[in-house]
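In the part that follows, the structures are each spelled out as structure tokens.
The two complexes that follow have subunit A in common; it is paired with subunit B in the first and with subunit C in the second.
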Partner chain A sequence: MNTSPRKLNLDGWDDRYEQLRREGLREPAYGGPLRRHVVREKDFRLEQLQFDNSAAALRLWNFLLTENERLHQARANGDKIVGTMKDLGTVPVMAYALPGVRAFYPDGAWWTPCLMECSDRLLQQAEAMGIDASFCPVRAMLPAFENGEHFPRPDLLVCSTGAVCDDFSAIAQRLEHLGHSIFWWEIPRRRQPDPQEASCALPGNLFAPQVQVDCVREELQRVAQSLGKLAGQPLDDQTLAGGIRKANEVRRLLQALRTTVYSATAAPLPALEMLVAEMLAIHFCSDREETIAVLEDLLAEVQSRVRQNQFVIGADAVRVFWVNPVADLRAMNLLEELGGRICGSDYMFTHALDLIPENLPPLDALARTALADPMVGPTADRAGRIVRECQAGHAEAVVVSRIPGASHCAREGEIILETVRRKIGIPAIELEIPPVCDAMLPTLGSRLQALIETAKARRTK
Partner chain B sequence: MICAGIDAGSRSIKAVLFDTDRMQVLASGLTDQGVEQERLAAELFKKLLRDAGLERSQIFSVVATGYGRNTVHFADTTITEITCHARGVHHVAPDARTIIEIGGQDSKVISLEDGGRVRDFAMNDRCAAGTGRFLEMVATRLDMNWEKLAEVACQSKKPALISNMCVVFAETEIIGLLADGKPLPDVVAGVQNSIATRVSALAGRFVSPPVYFTGGVALQVGMARALEEVLACPVRVAPQPQFTGALGAAILAGLSRRQGGL
Partner chain C sequence: MEVFLTSPWIPAEWVRAHGLQPRGIWSAETFQPGAWPLSAGVCAFAEAAVRFAEVRTDSAVIFSTACDQLRRGFDAAILRGQRRAFLFNLPATWQTAAAGQIFRSELERLGQFLLAIGGRAPSPEMLRQEMLQSGGRRKQLLESAPASSPRGFVEAVARFYWDGAFSPLPPAAPVNQIPLALVGGPFLAPHWKVLDEIEAAGGRVVLNATETGERSLSPAFEIEAGANQPFDVLVQSCCDNIVDVFQRPNTRLYSWLKPRLASRHVRGIVLWLFTGCDLWRAEAQTLRETFGLPVLLLEAGGEPGAAPRELNRLQAFVETLR
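== the complex of A and B ==
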């Protein structure tokens, strides 16, 4: 059997799994064949996807697809569960600093309708609860909270407010009205310091007024007290500093993975696995230690492939910078089928890929990191980083994928595309990708193919 | 060397036979689109070959483009409408810098560099309001054919304002306007303006003259004028605008086989 790097569909993975087993594959407790997620969890979308054929990718997928199961197990083992909503990488760092506490990301339920091809009817149930299709697919978390069939009800539910998408805010408020008590913390919209104002440097070459950093630090202090109360142990500076060091371990691994994959002459890992891996930065897929192990495996696989000049996508593929996560994972396969590869990404949480300063008081460092969130600042700041990363990654084209109903992207696509065109002059398109995009595949394919043709034609300029 | 381009659009299939040595069109034809797209495309292709007195073996390469390009299995390769319209328009109008293409089911704005290469593009394939489908709906509702609709629009003195952004609701609005006694020519011209406005929103940042208008809707008298008004610049209708996609496909068929790519 050919075991060089390549993509496999689910049938191919059935054989590959048996082969790996015969060769002595050692798996963690959540391991097993990918097929079982279709049979047991009704993750039907897996049947339409192409996966990387490595054991490291298998571990990544199994880790992702067993999150709810692992959370229920953790609850049974006595762990405290914290739901961290509208938070792309701050409160989870605090929660995992405490022993016996795990954070998860209820908003992540927005991928459930995609994975289950809407068979779970979460979106329809959300509509019946007054949150219709004009809202972000994150609305799927509302019925998931109510029916308890997905993640366990958390012991503590924390949600940021302030510089938050309108639709998300409405969904979270509806959740609270349904009786799910929420611990709110406020994050202001990041702005440039006024000339006379004390300024504070943030990760990602950003600046904010000191008063905003102070405000967020005080808010995070409240969150820390609440988490400490839940854990029965105060979240002091020393404990938090330990949590930050561990979070940075994850971030360093992700930085190394991104650098290795995106800078390689051809793609050593498919776009889909890279998207899933990057998402681990947000809340460690409910297990920080295992996240580190999964990423170490993946990085070792990728480094080995690069050393041996083994790739899954050819060197001729057009280098595409991708902005925003896709509601339907199939879209990432589609890009590669049409001759593209990812050379950089901004999946809305680039601040969670930057190292948290370890030379500052821990809460101050976290406050600065939280304020560097691309979603709490002007889109122009985000566009600036995208342009810099496009240049660094030698991007030939940019795709901004819109999430239907998500209010954060009402004009962001236009601003990002305009900035990219003006500053680096590469072709750029915006695509709207719903949770199941089958009906739109021809039109999505046309746009992506046209983008790739345009970028390729420019090579001969 | 003779190459063929097949543009399998949403409303019709267009085909062009092109002599790449003499850079001239040998034959072109069009047929309505249907369920059996490949059969329809194949029959059209055979008819063109017959008309031009050619055998299939004399065709060096075939490129399919358009919405249904992937159903044309006898083509050697497929290329998107964006690239094909760009090449086709550049052939008939080398000075073109912007192309507006309005088809039956989508609309596109393509920005060109010197030499006719695509700089950037924008597409609307999600909403019928900026496409020929809107005109078709109005023609059906008013029981007129395409040519008559254009003729009526030309008589307008004060085009009506169609405020609805959705074709389905606009239909109700049109009926209401006519019931209120609004002159028919003004209503039809209002529909043309409405389409032009949607396309101009798509064009936004791309428009730099000369602007060429192509696609089947460019044949509708009055549409170019409507576009000129909203874009505030001259809009020229490309020669035989319904064939520029197929023409570009035929030209690219020669290039792609000769150069191993675009």
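== the complex of A and C ==
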């Protein structure tokens, strides 16, 4: 069997798994063949995806796809479960600093309709609960909360509000009306400090007025008190500093992985696995220690591939910077099938990739990190970072993928595309990707193909 | 200079005390939601605010963070070259000292902005006078609301938001119509015809709880005689009296609605929203469940009154309540 780096479909992975087992593959407790997720969990979408063929990728996928199971197990073992919503990367750093506490994002249920190819009927159930298709697919979390068939009901539910997406805020409010008590904390819209104001540096080369950092720190202090009460132990500075160090360990691994993959002459790991790996940053897929192990494996794999000049996508592929996560994972495969590769990304949580300052009081550092969220600041700031990263990653094209019904997508695409075109003049398009994009594949394919061809044509000029 | 406010929760008194003319943007004749083709998901109200800001470069436009659409609309207005635009950060939470502090610092920042565009620093007495005057007029409007004609009321409120004046309201004709509440976002002059259409269908709006109706007419300020800190009163009163869908939790909205729906014997709710407004759309089911009343979603279109399809739904809604 050909074991050089390449992509496999699920059938191919059946054989590959047996081969790895024969060769002595050692797996964690959540390991096993990918096929079982289709059989047991009805994750039918896996049958339409192409996966990397490494043992490291297998571990990544199994880690991702067993999250709900692991959360239920953690609950059974006596751990406290925190549902944290919207902030994408801040509250979990606090929660995991406390022993016996795990945090997860119920927002993550937005991928369930994709994975189960809507066989779960979560979207239809959300509609029956008053949240129709005009809202983002994150509405799937609403019935998931009610039916308890996916993630366990959290012991504490925390949600950021203020400068957040309307659709998410509205769905969370609906959740509270349905009887799920929510601890709301305010994240103000980040702005530039006025000339006479005290200014604070944030991760990501951003700045905010001191008054905003103070406000968020106070809000996070409230969150910390609530988490401490749940854990039966105060979340003091020392404990939180330990949590920040661990979170930074994850972030450093991801930085190394992104740099290695995105700067390589050709892609040593497919776009889909990179998307999943990046998502681990926000809440460690409910297991921080295992996240570190999964990322170490992936990093070792790509470093080995780069050393041996082994790649999964050819060097001729057009280097694409991708903005926003895709509702259907299949879209990442599609880009590569059409001759593209990812050379940089902004999946809405760049603040969860940047290192949290360790030379500041911990809550202050986290407040600054929370304010660096690309979704709470001006779109121009986000566009600016995209442009810088496009330049650093030698991007030849940009894709802004719209999330159906997401309020931020109504306006931001226009601003990002205009900025990219004006400042670096590379081709850029906006696409809308629904949770199952099969019916849209011809349209999506044509648009992506046009982008790839345009980018390639520019090479010869 | 005219300073156009996109939210009634940004106190006009503060602008007026700076010697500038506050205007509710929704009261401007040239404010035209629905007049342009929209990208998918863009709210017509937010787009109208952006377009308005783009052409009214001789005025200032104050956006708010009450919704994602207006917040990002501000980004678009800046990108299109409007230099006299300001984004007022309205806190979504309201139970904490931090929320009050945000509101206070935003008012102070707005004051700096007003000075920069030609306003004058307000004395406490000047602010106090403005607060007393506008509070008194809001009180008059609120007291007149239950007995006035729905059309007369929206016209009077629009006038108040335009120049701060109070015009006496015509009384409602005593006819036996089905009492309805109109709840939702901004209800603009081009859409007032909906009130006539409701009446023609046999209903009557006895509670206008839109953003430009009774809901946004906060109680008069309670300023003690001789008090020299009207700014503190302004901050506190504004924070205490915001009643809107964007607040988290938005229980104040329901607490505000409950006694009014009951006392006016409301039998149905017309939920008024702009297409793309997630915040109001998501409340439809909760309104039904909380008050046990039928709810009709009515979307603002580009044409005056309700679009033909919407009108048909409106007529059927009223008919089912007979």
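Quick note on the criterion: the second predicted complex is superposed on the first by the 461 of 461 C-alpha atoms of A that agree within 3 Å, B and C clash if a C-alpha of one lies under 4 Å from a C-alpha of the other, contacts with A are read in each partner's own complex, and residues count from 1 in each chain.
FYI, a residue touches a chain if its C-beta (ideal position, glycine included) is under 8 Å from a C-beta of that chain, and two chains touch if they have at least 3 such contacts.
Just so it is clear, the structure is predicted and the values come from calculations on it, not from any experiment.
A.B. asks: For A:9 in the superposed arrangement: first (subunit B), second (subunit C), both or neither?
C.D. replies: neither
A.B. asks: I'd like to know which partner A:456 touches here: subunit B for first, subunit C for second, both or neither.
C.D. replies: In the superposition, A:456 touches subunit B alone.
A.B. asks: Just subunit B (first), just subunit C (second), both, or neither: which does A:447 touch?
C.D. replies: After superposing on A, A:447 lies in contact with subunit B but is clear of subunit C.
A.B. asks: Could you say whether A:211 touches subunit B, subunit C, both of them, or neither, answering first, second, both or neither?
C.D. replies: In the superposed model, A:211 contacts subunit C only, not subunit B.
A.B. asks: In the superposed arrangement, does A:379 touch subunit B (first), subunit C (second), both or neither?
C.D. replies: Second partner only, subunit C.
A.B. asks: Touch test for A:427: subunit B only (first), subunit C only (second), both, or neither?
C.D. replies: In the superposition, A:427 contacts subunit B only.
A.B. asks: Looking at A:418, would you say it contacts subunit B, subunit C, both, or neither? Reply first, second, both or neither.
C.D. replies: Both: A:418 reaches subunit B and subunit C.
A.B. asks: After superposing on the shared chain, does subunit C or subunit B touch more subunit A residues?
C.D. replies: Looking at subunit B versus subunit C, the one contacting more residues of subunit A is C.
A.B. asks: So in the superposed three-chain picture, is A:161 touching just subunit B, just subunit C, both, or none of them (first/second/both/neither)?
C.D. replies: Touch partner of A:161: subunit C, not subunit B.
A.B. asks: Would you tell me the residues on subunit A in contact with subunit B in one complex that are also in contact with subunit C in the other?
C.D. replies: Shared contact residues on subunit A: 418, 432.
A.B. asks: Where on subunit A is subunit B touching in the complex?
C.D. replies: Listed in rising order, the residues are 418, 421, 427-429, 432, 442-443, 446-447, 449-450, 453-454, 456-458, 461.
A.B. asks: Considering only the defined contacts, which subunit B positions touch subunit A in the complex?
C.D. replies: Those residues of subunit B that touch subunit A are 67, 70, 79-83, 106, 117-123, 125-126, 205, 261-262.
A.B. asks: Give the list of subunit A residues in touch with subunit C in this complex.
C.D. replies: Residue positions touching the partner: 129-132, 134-135, 159, 161-167, 169-174, 176-177, 182, 184-186, 188-189, 191, 194, 196, 211, 215, 218-219, 222, 378-380, 402, 405-415, 418, 432.
A.B. asks: Name, in rising order, each residue of subunit C that touches subunit A in their complex.
C.D. replies: 39-43, 46, 65, 67-69, 71-73, 75-76, 78-79, 87, 89, 91-93, 96-99, 101-102, 105, 109, 112, 246, 248-250, 276-279, 281-286, 289-290
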